[in-house]
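Two complexes, one shared chain (chain A), two partners (chain B, chain C).
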Partner chain A sequence: MPNRLRTVILISFLALLHLALLFAGFFAPYDFAQQHRDLPFAPPTRLHLVDAAGTWHAWPFVHSLRANVDGSDGYTEDVAQAYPLRLFVRGNAFQIVGPWTAHVHLFGVASPGQIFLFGTDDFGRDELSRMLFGGRISLFAGILGATAALSVGAFLGVLSGFYSGWTDAVIMRTSELFLALPWLYLLFAVRAILPLRVKTTDAFLLFIVVVGLVAWARPARLVRGIVLSARERHFALAARAMGASNFHVLRYHILPEIYVLLLTTAALLIPQFVLAEVTLSFLGLGVGEPIPTWGNLLIPMQKYSVLRSYWWLCLPAFALVLLFLAYHWASTTLQAALGEVRS
Partner chain B sequence: MNALLIVDDLHVRFSGSHGGTVHALNGVHLHVRAGEVLGILGESGSGKSTLAKSLLRILPKNAEISRGAMTFEGRNLLQLSEREMNELRGARLAMIPQDPGLSLNPVMKVGDQITEVLRAHCNSDAHRRRVHAEDILQRLLPGNAGRSMYEAYPHQLSGGQQQRVVIAQALACEPTLIVADEPTAALDAATEAEILEVFRELKAERRRSFILITHDPTILRELTDRVAVMYAGRVVEQGPTQQILTHPRHPYVKGLLACLLPQDDLRIPGRKLRTIAGAPPDPRGTASGCNFFPRCSERIERCESAHPGTQGAREDSQVECFLYE
Partner chain C sequence: MVAGAAASRLSAAPQDYAIEPGEAGEAGGRLVVALRSEPKTLNPILSVDATSREVIGALNADLVHINRATQRTEPALAKSWTISPDGKRYVLRLRQGLKFSDGAPFTADDVVFSFALYLDEKLHSPQRDLLVIDDHPISVKKLGDYTVAVDLAKPYGPAERLFDGLAMLPKHLLEPAYREGRLAQAWGTAAQPQDLAGLGPFRLKLYVPGQQLVVERNPYYWKRDQSGKPLPYLSELTFVFVSSEDAQVIQFQSSETHLLERVNADNFAVLQKDAKTKGQCLLDLGPGLEFQFLVFNQNQLDPGKFRELTAKQTWFRNLKFRQAVSLAMDRRGMTRLVYGGRATPLWGNVTPGDKLWLNDKLPHPERSIEQARQTLQDAGYSWDSSGGLLDAQHRPVQFSILVSSSNAQRTKLAALAQDDLRQLGMDVQVVPMEFRALVDRLLNTKDYEAVLMNLVNGDVDPTPEMNLWLSRGETHLWNLGATKPPTAWEAEVDRLMEAQMTTRDPAARKTLYDRVQELAAQNLPLIFLVSPNILVAAQSTVGNFHPAILEPYVLWNAEQLFLRRAGAAQCP
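For the complex of A and B:
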């Protein structure tokens, strides 16, 4: 069934992406702040299978880079030295979760060889490593923001739909107020009253709290609608006729109806919030250097010279597009599933 | 009178969204004895379902029980708190809803929906609940279908099976009174016969009372001990089933039974069925006289201005008509 196959591909891609970003330290060959001062703006390292003598190798290897001897901009490969690609190499220590650290990276090359699959930036920092670490912040800002918004939204929506009356009126009028607020600009405003430099964790938490406080309105209204209709279903009435308490009816007969909606809404909200974080950081208001996010990784693209000469610094933008497409696809798939459940 | 349930002068009204008030029940009197099956007969809109929902106090929010009393097992249901009512619902007083397909949660296994009732009211452990639920299903289903049905979802069952599951839910806690609101309305004729057979067996046990609501007089004959006929929110006549069906007294009941198709009618081509002229009154208005007056073939002058109230009360039977003063 091609439909099923597509779903499997989609889910594996999303799972892989999230794992790669969550365990960025393992997948990234270098630390995000490690500078290679002698190799700024190095192009992506090429993986070779054929050496200078024309012999084929079974395993890819890389050459190290040298600045052009004629003094022109750019690098040439030093073909005299070959460094085979190695898997599970020991490298810089990185944090997994909290105090747990590890040294093993998915791939790397033996020193003094270097591997920059996505090139380096102006400080000679590995772009791939920065993208992985940066994606972790951007994506999880989106996911946690969506979780916050959906939890608040689902809670208030259920309250509103189930108890109706004045509870409903108060929550819905408040939600209209928040719907009228352009939340991205609210985020700017809140950011503006804080000092320019805030700690990364503070900036991150601030983002999630503001998003959760403001973006609950739309999911709350959707949830309310579903609860309102579920409440009137015959089986909810039948459960009441069997002596089920309000809580029981809510938990077993109404809440299952909103799960798919929450999933679909999450798939819509996550990229939206990722974009919000990216926008803030792109404008220098979010997480700041040296910690990367997909937003501040895009800052070099403001320069014409970068766009013209160092195309690999545009890769974070493509990563964003890929992420958005995957999420959009996921939400469409979920929507279709929701439709099937409905009918 | 040693009755399980006494409904006395029950009034229920719905406030419409546009200010109009719908008077769904206008003074219903009836009683149910232990082990007895009371049939409630009436056309659509006569207040049958409102009565059923009032008994369980599961009326929608815009409904109000404005007057009357419902005494069940010696307690006035209208004075119980919501919590006390919840302990009663499903345990002592259960309901078999109209449409089993809609009344079962589509995403829960039917077995779980039966044990759900047990979980709400009995403190037995999960295993005992399951055994109990399977026993009930087993009893209601021919062959060995009961056990396999436990794991099924409602959409995998036929209408008749769904109806049995809903009946099993109602029976689960051995209530003393079960209100069955048109239990066969959503079923085809063959399945209806099967379900009626289930009711026949339950009636024969005489372990619990039933209120069997229907708009079909034919199913009353075998299944009920007494019948109350409702018209425009009132019980116009009630009495033993045999007496109501063979010697109705109220003009409406006479007319209603005359609409039935006797067996020999089928052999006379072209013979027209009888109907009652006119339509039921608008429930938004309150008539001062008898509700049936405009359609009545035996009306007298007083009917327009005064309501007859209960007249001609013989032992165990009442009729609301001046003709029997």
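For the complex of A and C:
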């Protein structure tokens, strides 16, 4: 059962990650835009169990930070003040879904203590909170983009494969046209003709629509291939011989064949589209300040001074790597697992 | 005074040398400096951009020069000058026996020719504006082989500062091109070393587009050091083109270049980490002449074309609105977060770097969100249930701030301003934009709401700022192309600026300009934010490294710079 165990672990990891990002407001100790102007580039806050006197504590606590007085870059911990870590604390209001708001955060420390587990950025904003909120946008841009591309792709692919003839010819030639379109440049071009003030939601939707429009071609061609072969299989021909309608043949004999394909393609497309969003925001063309995405969180990495001095600002890149690996393994495992089930 | 000493000590010398005080250096060596971009031209008449001017500065010389360290004028190609009692005639006596870098003699004919070029309207020289005083161009006459007279229509406040930066050009090389109307094409970047000649410390040796520009020692240069050794010390000065500042810093750290002209505070902090072990001198020169500000669009626009924008202009034209914005700005936070404390908060247009002209009586109102909200309330603004600001017509206050995408620090300033204004309930969006596109919107199409940008004063004198403050000025940013001053205070500024330009008494000029600063601070056509410090660096082997807050910060005394062979680490 190692395969099944691996699948369970992977799926639960991905589910947890998506939940954490979906409920970012609860897991994040601060609002993504909240600036701590006295604490720019603060390193990750250390969790202590032993205090200055050497006494052990059962529950972790943190010290507040003070900017170095000698004028050098950096902070020292003020060991005189200890703030124990607290669970389910009241803090900034955040939206859960739609109009629902809440105040309770998973963890935090009493004011005036601060907890920045992943450090802060140049405005003293909590990097962990920004990563959680930013991941929500990046990841859901990927998922929605993939859904859009797959729905259009599957629909046109089935039409093309099932009806063949001129329908097939038109759809396939169009798909070749879209395959040749460089989507990144298309996004640049679309962004250039839009007005200066674009709301975040509009920029986000625009991204999904453009990606969905351009990326349907490859899944459509894959689906068409499967449908073409399934259509000629004995069970499909038998059903047709018994007078089954087109819809019946599609629904019961052909569509089940493409589910596996759609799932694996989705697991491949999602990270690809996350990367697309990251690229766009990294270049400053996606979602703008102060709303974070994994792409614009990486913008500081373009600077030599940040690379040299503030390693914690690289963390969003590690989050991306982790996410991509998880999706990649999920796609291979899914394929194998579903293959087993079918056989 | 310098020239006098020269005459007595070197009376036997064929040339009228100028003696430069400073540490006696070692001759020879090749100094490497990185430039952010390539020069667009080597023609002093046409150069507009800072890079071209920097290279041109090393190749040419002016009649009277502003010493970047003392900020005062000193004799250059003109050994001395007198000003008539009415302040309208300047008589300049040139150094005798000077030669261009190609060996041809320099005389009054070259001076008259050079001014003819600067003043020729067809050539559109950017320096022409400065030579037109009260709508009359200056006139330059030859009185003798080494004497010229310059006549002005009105007395000129900055006096001989007028001549700084006006390179004297060789008539024998440029006159044919000028006669044939080809001057605009002469001395472009494709020019060969033998086509060029100047009176600067260096002359062109080699230009490889995309890589480097090498200048070599001018053997005919007219300055000597105190021990009589010829200047410049360096046998070569190489400009390499490195477009990103980060790459420049990395090259400097690996000792590939000798000087860093301008470093941002982040990179300065990085350099500080290992400056001692690497033997590098890092200097914070304090505030320069650059100021960052926020400007709102108050231009007269066609309401048919810009319906939404003209509606928003009722806010931008409201002084209370601008006061509230200014009160909400966390200038100290900006200095700390954007410049690591290496900047000065500003409440007026003159930076603390300009000590001579700063009006130190201007109030520095501390940041206060409550006071800002009160000011808005007094002006009829209110807030909706979610805290968003509404104007008197109950429209939500939303606008965008354009900022140059290539300048990370200004983008950061804009993000801080955005957060500050959010606390007033204003919904502000920051739009990073390519710099040229931004300038086009600001000066030509006027299609913007607010812009966060900077200006750098060219000199410690109010006169170069005429174009900004005069209501008909070409860079009167907030309201361009007005035929008459739209407000009473702008009319007063027009009168004051014109008066200071033609007043000769420095104290009287200071009083006039103090009032301009006061009016600017009261009426806030620009919301002044911060003035960044000038941060520079050099390898400690570079001798006579005395950077200044006037451009060019580190190369202004290029003729005196030298490389120590024995690497005795000495930082000024």
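For the reader, a short list of remarks on this structure follows.
One rule holds in what follows: the second predicted complex is superposed on the first by the 333 of 343 C-alpha atoms of A that agree within 3 Å, B and C clash if a C-alpha of one lies under 4 Å from a C-alpha of the other, contacts with A are read in each partner's own complex, and residues count from 1 in each chain.
By definition in this document, contacts are C-beta pairs under 8 Å (C-beta built on N, C-alpha and C of every residue); 3 or more make two chains touch, one makes a residue touch a chain.
Keep in mind it's a predicted model, so treat the numbers as computed, not measured.
In this superposed model built on chain A, chain B and chain C occupy separate space and fit side by side.
Angle at chain A (Cα centre) between the Cα centres of chain B and chain C in the superposed arrangement: 140°, in steps of 10. When the two complexes are overlaid on their common chain A, residue A:233 makes contact with chain B while staying clear of chain C. Looking at the shared chain after the overlay, A:242 reaches chain B, while chain C stays out of its contact range.
Legend: residue contacts after superposition of the two complexes on their common chain; A:308 is shown touching chain C, with no touch to chain B.
By the touch criterion stated above, A:57 is placed in contact with neither chain B nor chain C.
In the superposed pair of complexes, A:90 makes contact with neither chain B nor chain C. When the two structures are aligned on the shared chain, A:103 is found in touch with neither chain B nor chain C. In the superposed pair of complexes, A:253 makes contact with chain B only, with no contact to chain C. After superposing the two complexes on chain A, the closest approach between C-alpha atoms of chain B and chain C comes to 54 Å. Within chain A, no residue touches chain B in one complex and chain C in the other. Interface residues of chain A facing chain B in the complex, by the touch rule stated above, are 164, 233-235, 237-245, 248, 252-253, 256.
Interface of chain A with chain C (complex): residues 33, 35, 37, 40, 73, 122-124, 196-197, 284, 288-290, 303-306, 308-309.
Those residues of chain B that touch chain A in the complex are listed here as 56, 58, 61, 86-91, 94-95, 97-99, 102-108, 116-117, 120-121, 166, 169-170. Of all the residues in chain C, the ones that touch chain A in their complex are 246, 249-250, 264, 266-267, 269-270, 272-273, 330, 333, 336-337, 340, 398, 400, 402, 405, 408, 411-412, 415-416, 418-419, 429-433, 448.
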